[in-house]
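Listed below are the structures to be examined.
One chain, chain A, links the two complexes that follow: it is found with chain B in the first and with chain C in the second.
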Partner chain A sequence: MTAGRSLLALPMVLLLLGGAILPLAILVVISFWSVDFDAFELVPGFGLASWREVLGNPTYPYLIGKAVLTGSVTAGLTALAGYPIALSLLRVPQRWKSVALVVLMTPLYTGEIVRIYAWRLVLGTDGLVNGVLLGLHLVQVPVKVILFSPVSTILALVYDELPFMTLALWIALERLDLRLVEAARDLGARPLTAFVRVTLPMTSTGLCAGALAVFALSAGDLQTPNFLGGPTGATALASIDNFFGTAFDWPTASALALSLLFALGIVAAVASLLILRIGGGAVRTRP
Partner chain B sequence: MAEPRAGGAGAPVLLSARGLLKRYGANPPVVAGVDFDVAERAFTTLLGPSGCGKTTILRMIGGFETPTGGTLTLDGVLLGDHPPERRPVNTVFQSYALFPHMSVFDNVAFSLTLRSGTGDVAAKVRRALDAVHMAEFGDRYPSQLSGGQQQRVAVARAMVAEPRLLLLDEPLSALDRAMRAHLQRELKDLQRRLGIAFVYVTHDQDEAFALSDTVLVMNAGRIVQAGAPEAVYRRPASSFVAGFIGGATLLPGHVTAVSEAGTTISTALGTFEAPGHPGLAQGMPASLVLRPDSIVVREGGTVQAAVRHVTFMGQGYAVDAEAQGQSLRFAAAEPPRIGTTVPLSVIGDRAYVTAPA
Partner chain C sequence: MSVLFTRRQTLAGIVGGVSAGLLSVERARAAVAELVWATWDSNAHPEYVEPFRKETGTAIKLSFLSSEDAQFAALKTGSAKDWDVVNPGLNGAWRYIDGKVLRPLDLARIPNRQYLYAPFKDTPKVVGKDGATYAVPYLWGLNPIVYRKDIYKDEPTYATLFDAKYKGQLAMRDYALESIGVAGLYIGIPRDQVFTMDDSQLAEAKKALIAQKPLLRTYWQTIGDLTNLFATNEVTCAFSWRVPYDALKGKMAMGMAKPKAGIFGWCDTFAIPTSTPDDKVAAAHAFGNYLLGPDYAMAIAEIGNYATASSVIRDKLSHDKQEAIFVDDMSVMNSFMWPVAPPNYSAWLKVWNEVKAA
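Our next item is the complex of A and B:
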């Protein structure tokens, strides 16, 4: 019975093995190779040159740290924005919930490039924001720091990934017994206290799922920082792309990719343990 | 009664509702403008079928629903739209709503940790758990407790906040019969010992009678009778109350005479004289309420009834009989044989003439 049911997971296991574990193993192998730039060939072997480059040159740890920071800040901001949205979705009448779901997913229906150019139109020197600021005489010259800065990158990433957070929180909140919140209020908790002490821990699994998705998607986003970050838009991914492509330095690309993966994995694991700890008994004692 | 009741006439009023109304959209009101008082230290029960508005009243007192109209006054202060956390009222929720991510101790300590100057939290929690016989369970989580134990923790959690008024929403409905009877006694003891006013919601009239000083019987958003359990049982204000309280036979008819001695009602089974509800007058439609002990088998009885079922009840027999298409239920010390016809007599003193629903 149990064995039969586990067999159903077999295709997925094979896909994971073939689609993720195998390529990763190849990356590990290649990261120890070297490149003969005269012949423009990969030379198999066992050397530490690429690892020395990635870990020794401060640029790459900086870029990896930046990816972690971008992912964390985006996850945090989407959680802050997502909870109020998900809480208000709870009050939507049942038959309107499917409509709400479609609306919620809107950012995902438009292509990333379309969204990026839309942001440029809104945030640019001749854009909507500056138009309003100039029109109201709040500024005399267009504000240039909005576009091509970490602000615009984070803003666009939050907008892009918000559906993943909101959806995860919404599902978790739908499973929350609202009488628990009423009980907290009844016992003297103000709305914010009731949220922190009951709603948040009781939905920590949803928060964790949403945060992991947003963290991975935004830390691993190439286009948004590239097109909206301007001079601040350098990312580890862009470097990897560059090494694999133009520079034809596959060993360094592999070492950098593995380092990034390792760093993101560690941060994600530690963060989810911390988030689930907020839930305490809620996770293990769900009836 | 073996002992005086709390909250009799003249007891100071703790909570009063005037014209309390709750309506959702254009639907008929859930609570249709009710007036009632809850006395200090009294056990008051809202009794009625599901959907009658009793839980909505409780939720308005607790601050979880905003009244559409009318007022609630507690200790002479208008409750208005104060949120739940600003009311000196606590609730024991149906299905308890214990926080599953907190231990029993943390559940009970919850209200104390929100306020400063609450003194020794641990000692207060221990005392509250002691009062409900749960002292050894502080480290457990709610999911590790039985229904009865969860109910006790919910009571301790609400009591520890020292409310002026405790609201209980069908707190025993999820429990089996034996546990329910046991916890009824515990709740009543606790209420008497602490001297806190309870407002209790139930659809179970046995529970209401066992616990209450005052019963407010509700139907379709209105309070149809308010009084001590004996009064509600013996002198139901309408055939709805008589029927809902259960065990009664109702004979429809009309009033033919009203005098000092009693009210005379003419029914399909004959004319009977019994105490009548105030306000009944000659010619009005009415119902004769017959309890199992209002009917006896007697030579010369005027009602000829065919015996349909006989049920052994321990102390005697419950007999279901039929006369002219009207079913009658009465108590008998000796079981009549099924299928035979017996002469029945009504004991007027134990019957009651009430208004139709």
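Our next item is the complex of A and C:
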């Protein structure tokens, strides 16, 4: 690439520097400041009180771990659900693929809060699931554990993020030479073996892209756990919101936000390396 | 020395004054098409502000608040520059004044202030150290326990919200100030000391709240959220605002309890942020004056069952309506607790985070 072409990337580089790195740098600085709660002013300086609070109080490592777990479980479940959908989409006739894409993205056209209340209608005490269970006499009283629990939170997150995973897998599958899968089958591989030995490694980049997107979106979701998690809906994001917005304690909020970002970044990097290693030994098609 | 005016001079003065007034209204109409009012979603009925638009030509655009503290933080950090009129709570107004986020008000532009009930008119909580008035109380009420009368034979108290007999039917607000305050009353802290609890009292309140968690169906986020929870039979008793009671009383056997241990009172004020452009200040004052006038008071009494801080329509209401909005006996205000941000509020927030994560 010539130097002239490289300059084309300059605006985006500047945008990234201004839009991502600069705010993070400000958070780092503020995390060492303190607050004068009488005057409601941030006091510049260098102190470790906020970091001691975030790293020393077991509440915050727990909430960060919970965010990692939520992101990981959601990414895993969307991958499990996404592969069959993406494989089905692969077989859709070419002229219908644009329609399939529109249908796939349908959940994203509604706002998050609409989806949340829709889940309440489905999973609630007077909801659809309980209506069916009661109607079939499978239960005598409405089942309450499916709403306002980790189950409802994960279910809604999987539904919300599934399009991102499916789209990434679909694009990867479109580039797969299906003759390799047929060859594996012709040589006696069972469908599951052909998937694990051929399809999975050769679509690992798509899996990695989808998993990263789903992990980041679900680990950082605030409203779904708030409205569907019930008493179990506490998140690191809600605590950060409380510190920033309610307590005006920006240093503690900054330290917690940076800790969460660091933990999510480490886990995402390690997971990406592991996923891409699946594809390390895969047969490569010629371009 | 006496000054006498001829009839011609008087008429000329009246005509001149009226003309100037009309011109200034015309100018205001030309200058301010819209004011953004940061307020609670309970003010969401268009009928509340439509008379003001008709009278002045200035439309009121609502920007809903999630919490008192978020409002303060947004003003303090400059992230709410589009707000022209804000809604500080009476007891938290000092934070806004000390934080220098409000403009001093020109009380001459708010003549309806003369109708304020005495406790609101004389309150020093809206006056800064410089002697200027920065906010005017306009709406008040109480935060009761709302419950289903068909399920609770006796009127609930705060202990009901901690009673294992009602496991899975209870809800608390996801808000440190009120939920820790309720826990303080439950463990026996006198109502005048709840918002100044020391560390050991806070630790006891935290224990009670953690023990309460398995009994809760959820923590409610907005008052619309809680109304929905009652309507769908998810919750039968909650520390609440009165909105679910009013919204559902015709459809369900709703009750409203005012515990003797202490009733959380609230009072909203009207204020103008320092970030409001100069050319909107006159219209913002006119809107503040409107909030203390008869149109807003009548609409919010009839539709929302709320009382304004102004006595302007009190005598025109039926006794039932007066009772419904708590203005039949004004001594009720003496038994209220007025929530106030505690001096150690950050410690309260940390306790609340720990409760939620427990």
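Please note the rule applied: the second predicted complex is superposed on the first by the 279 of 287 C-alpha atoms of A that agree within 3 Å, B and C clash if a C-alpha of one lies under 4 Å from a C-alpha of the other, contacts with A are read in each partner's own complex, and residues count from 1 in each chain.
Keep in mind that, in the parts below, a contact is a pair of C-beta atoms (placed from the backbone, for glycine too) under 8 Å apart; a residue touches a chain by one contact, two chains touch by 3 or more.
No experiment lies behind these values; they were computed from the predicted model shown.
> Between chain B and chain C, pick out the one touching the greater number of residues of chain A.
C
> For A:179 in the superposed arrangement: first (chain B), second (chain C), both or neither?
first
> Considering only touches as defined above, state whether A:63 meets chain B (first), chain C (second), both or neither.
In the superposition, A:63 touches chain C alone.
> Check the residue A:188 against both partner chains and state whether it touches chain B (first), chain C (second), both, or neither.
first
> Contact-wise, after the overlay, does A:93 reach chain B, chain C, both or neither (first, second, both, neither)?
neither
> Check whether A:246 is in contact with chain B, with chain C, with both or with neither, and answer first, second, both or neither.
The second partner, chain C, only.
> Does chain B (first) or chain C (second) touch A:135, or do both, or does neither?
neither
> In the overlaid three-chain picture, which partner chain does A:11 touch, first (chain B) or second (chain C), both, or neither?
A:11 contacts neither chain B nor chain C.
> Quick one: in the complex, what on chain B touches chain A?
62-64, 83-85, 89-91, 93, 95, 97-103, 110-111, 114-115, 141-144, 157-158, 161
> What does chain A use to touch chain C in their complex?
35, 37-40, 53, 57, 59-60, 62-63, 117, 120-121, 124-127, 144, 147-148, 226-227, 229-231, 233-234, 238-239, 242-249, 252
> Which stretch or stretches of chain A touch chain B in the complex?
Residue positions touching the partner: 177, 179-180, 182-191, 193, 197-198, 201-202, 279-283, 285-287.
> Going by the contact rule set out above, which residues of chain C touch chain A in the complex?
For chain C paired with chain A, touching residues are 66-67, 69-70, 72-74, 76, 95, 98-99, 168, 174, 176, 213-214, 216-219, 221, 225, 228, 232-234, 343, 345-346, 349-350, 352-354, 356-357.
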